[in-house]
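Right after this note come the structures.
Consider the two complexes below, in which subunit A is the common component and subunit B and subunit C are the respective partners.
So, the complex of A and B:
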């Protein structure tokens, strides 16, 4: 074969591994720059007390920032709010996405147009979604007020309150995410042979059993993937919440991202903020790994 | 087991009529093949028998019970679909069990039936596999087992072999017929493949455009097709159809003349490839268009002066090359005559 060289006489030749590393070097450098450096810097910050007033200086405090968290009620509250918001967002996004997919899979007129319209919410930025849902849910401009006034009430109805603000946030988040879920599910639904429904009819399956045995199986892996994606996106969501409720009323919707923002950039306690952001990171990684262990592994086996 | 009777069955979808007034009598234990090209209404007819479609008009009777409006499960039928459809996320065992889950059988009886079916189809080693881990033939066996555990009034098969490769199709063809004869169950088998129809059916019902063209045993369909459509559809290679007319006890089409006693007028002559012969002279001059060597015989495709193509079966030793001239003549005793409107008007006595 042309170019084949007998080993003798060659002085240096890269091994496969060396060559691979050389080729990957630009990407590795880039990753170090944009991922490892900020991550490492944040980790370093989380062990410091950073002071701005009277000149910028840092004091090494070890695990003190982490220790502070344990006794910080606002921290624990933000974890609880984050979990509640995430669970509600995921359940709503999956349920709405599934419902939309099932509706879109029915024969209809102008299917392309309908699909485009259904897809639109996903194209709205979360910032825009936040403003829209803020208008929809607050008392002065909200739809609940409009309905209440129509039926003769004389007081505005607001959902941006301590009791319901998380649900308003979750609905807005799901509204934004559900179309994408619906489209991937719809693609799965299109692969189901219609004759399988005939088989279910002959086997006398009830509508619920047919859904469970015919419709759902090809959707389950997609549902798992989007449950993970929505979980991650919801946990790290900030702009939408910032615009809609600003963490309020009070601390009612102070999710972890909002809490970290407040500590780091309003209270300028960068070390403590960095420490909390690591907790958020582990919460995100931990929940997706739990999802995989409990659910994804089973789906991947099929 | 039961006989099935269709009376004036009609089914329309919007403005399209899939089945137009079908009368069909399927006797108890019979293997009936519904044969026709795609879109002829054969699958719609099967769906109506199964109860998956509600007829627009007409009646369906199982023995003498009117089941026209009954849902599929109450008719106690079993159906095998194209490419041996199974629930993809269930094992073979769960798929088979799904057939019996709503029956009021005792657990022992249920187990006995499943064991019998598993033994009969030799699928013991497949029971814990998912359909995706089985071959086409294995899926076919499991789907058949799923059908027979129900001990149905009728088996309905919708092109179950069409997605399989040719060799497997041939094996399963014989297996299905063998199983049907052992069980003695009324079976309706839908196919567009005339070879399947000829080899499997006790009787064949040829459908076209939502109507029944002809029903009869395979040899009746083959020997005495009642219409031009059946003549052209059944048989491989297909029957030669030559347009011409009868005058003075002679069929004439261009230079072809065949002595046939029939009423004068325009007709179509039908002759099977094995009844067309190469002659030295005094016959229809043609040139060879193609030769298809099948081993046991050779299909010779020839073109006459008017560029009509005809097929004839010749000896495997036949020597010839594309473009060679030759003369052919049909065996007058084996010729059929068709009238476009009336169908078969002349057939040899046998």
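So, the complex of A and C:
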């Protein structure tokens, strides 16, 4: 019936493609303009040596900027720091997000209040999180110091040092991202029929088995998507690290974004900075693709 | 599923609340301390003599603590007020434009089949992956040439490049879960555009509301572009005004109070958001 009515008369009706293009084209043009242009510009810069002193000029140097990277210890170090920070952030954010979601899914008193409080970190900007955690974790003003003195210690306890700064950064980042993960997982948890849990009880499943066989399956795709999102967000994170540790102490937390910022804006070596930013972009896209190939494809086919 | 609150559940909630609130508490505490108390070592666990002086100071008012002691207004007050207004303007405009653009965009990707869909979708999703540090210099160079550096208009354009791809991606997942209303709407003689405006948008309003809040949060909290494009100009945002406290002169209670202030608008929208967000469900956007 519906087909007949659709076919009758409405010759002025647009096709799917026409309607889609009408809706999408202006946005796509905007995105191409404001995304492809800077990308193309950065690509061009990465092949140049850009000089400011003694008059602005650019010299084409081919792949020299990329070649310089290979022998640059700071560059390799920043890749390692980025990977370490990203892996720790993602694991923490996903684990804490899942734990919060399972907790929020339980019946409890004042659910609205608890949900609002749990969501608070997401409202704090990343630079704000950076300021908070720097005061929380450094020795002079830190929480650990206050607690230690409360129990009779006489020396400040600081975590912003060469050994622990990456972990402080990862915890702060996870603190900020975990609520976003938790709320999407919670949305999925709500779709699980209660009957399944009754059936699991009849089958005498242990809590762990119930979690594995009933709770986890509908979460798997969301877990994959948010692993990708948190990976991308962590790798391109800049302001939080800039505010919290400024890449320090020394170069202990100099992630790639910080390194690119420093090369481009402090050393004014724009060509070299642009070249490194393409390595970062490649890393981000590459790790998302790898996640999709190893995990996401399987989940999507389910 | 167990229906009673076990000891473990209480413990879990307690741990979650401490995890969430400790960093916020630590900062809230600092905003209420006197300069002497902040300088004291070891840092106090609770404010012994809390005063709201810093909250007056950052808006440019002196605060009379005792008849002899006045805590002077912050020199950054102008920046803070200006930043607050600019941040509100940018966030509201960005949210409005984002939603205007993203709702139809995500609708066609979520509900219609057409050629080039995959390729067009991947273009949008890839732009989520772009790190701001890669596009900062090109944007800066372009903006200096166009005279857009240090303007709110320029900042709004850049912020849109962050919000549009991300929010599109989230809304696609939501819109896919709606019941198949299009065919019924066509039986009733609606065109595609009318279907979208009069049927789909009212049906999806909670998801759209959540997406709007997410766009607002992204715009409100944007810092990297603002730091380079508008910092130190009349178009500075609250984020850059805040970082002025951090780098220029250390008055920690003012910094803390300004940060608490910067969290208030998002917290208001978060309270609104938490009722809706549990209704959202994520589905694979590429399928």
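Everything that follows uses one rule, which is that the second predicted complex is superposed on the first by the 271 of 302 C-alpha atoms of A that agree within 3 Å, B and C clash if a C-alpha of one lies under 4 Å from a C-alpha of the other, contacts with A are read in each partner's own complex, and residues count from 1 in each chain.
Just so it is clear, contacts are C-beta pairs under 8 Å (C-beta built on N, C-alpha and C of every residue); 3 or more make two chains touch, one makes a residue touch a chain.
Everything quoted here is computed from the prediction, not taken from an experiment.
Considered on the superposed subunit A, subunit B and subunit C are sterically compatible, since they fit side by side. Of the two partner chains placed by the overlay, neither subunit B nor subunit C lies in contact with A:68.
Shared-chain residue A:202: touches subunit B; no touch with subunit C.
Of the two partner chains placed around the shared chain by superposition, neither subunit B nor subunit C is touched by A:161. In the superposition on chain A, contact is made by A:217 with subunit B only, not with subunit C.
In the superposition on chain A, contact is made by A:116 with subunit C only, not with subunit B. Looking at the superposition, the partner that touches the larger set of subunit A residues, subunit B or subunit C, turns out to be C. After superposing the two complexes on chain A, the shortest C-alpha to C-alpha distance between subunit B and subunit C comes to 10 Å.
Note for the complex: subunit A touches subunit C at residues 1-2, 5-6, 10, 13-17, 19-20, 23-24, 26-28, 30-32, 34-35, 37-39, 41-42, 45, 96, 99-100, 103, 106-109, 112, 114-129, 131-133, 135-136, 140-143, 145-150, 156, 172, 175, 183-184, 186-188, 190-191, 194, 197, 221-222, 225, 232, 235-236, 238-239, 243, 257, 260-261, 264-265, 270, 273-274, 277-278, 280-281, 284-285, 288, 300. Listing the residues of subunit A that touch subunit B in their complex gives 193, 195-196, 198-199, 201-205, 213-214, 217-218, 302.
If you check the complex, the residues on subunit C that touch subunit A are 1, 3, 5, 9, 12-13, 16-17, 19-24, 26-27, 30, 38, 41-45, 101-102, 104-105, 107-109, 112-117, 120, 123-124, 126-139, 141-142, 157-158, 160-161, 164-165, 183-184, 186-187, 191-193, 217, 220-221, 223-224, 227-228, 239, 242-243, 246, 252, 255, 259, 262-263, 266-267, 269-271, 273-275, 277-284, 286-287. Note for the complex: subunit B touches subunit A at residues 47, 50-52, 71-73, 77-79, 81-82, 85-90, 98-99, 101-102, 130, 158.
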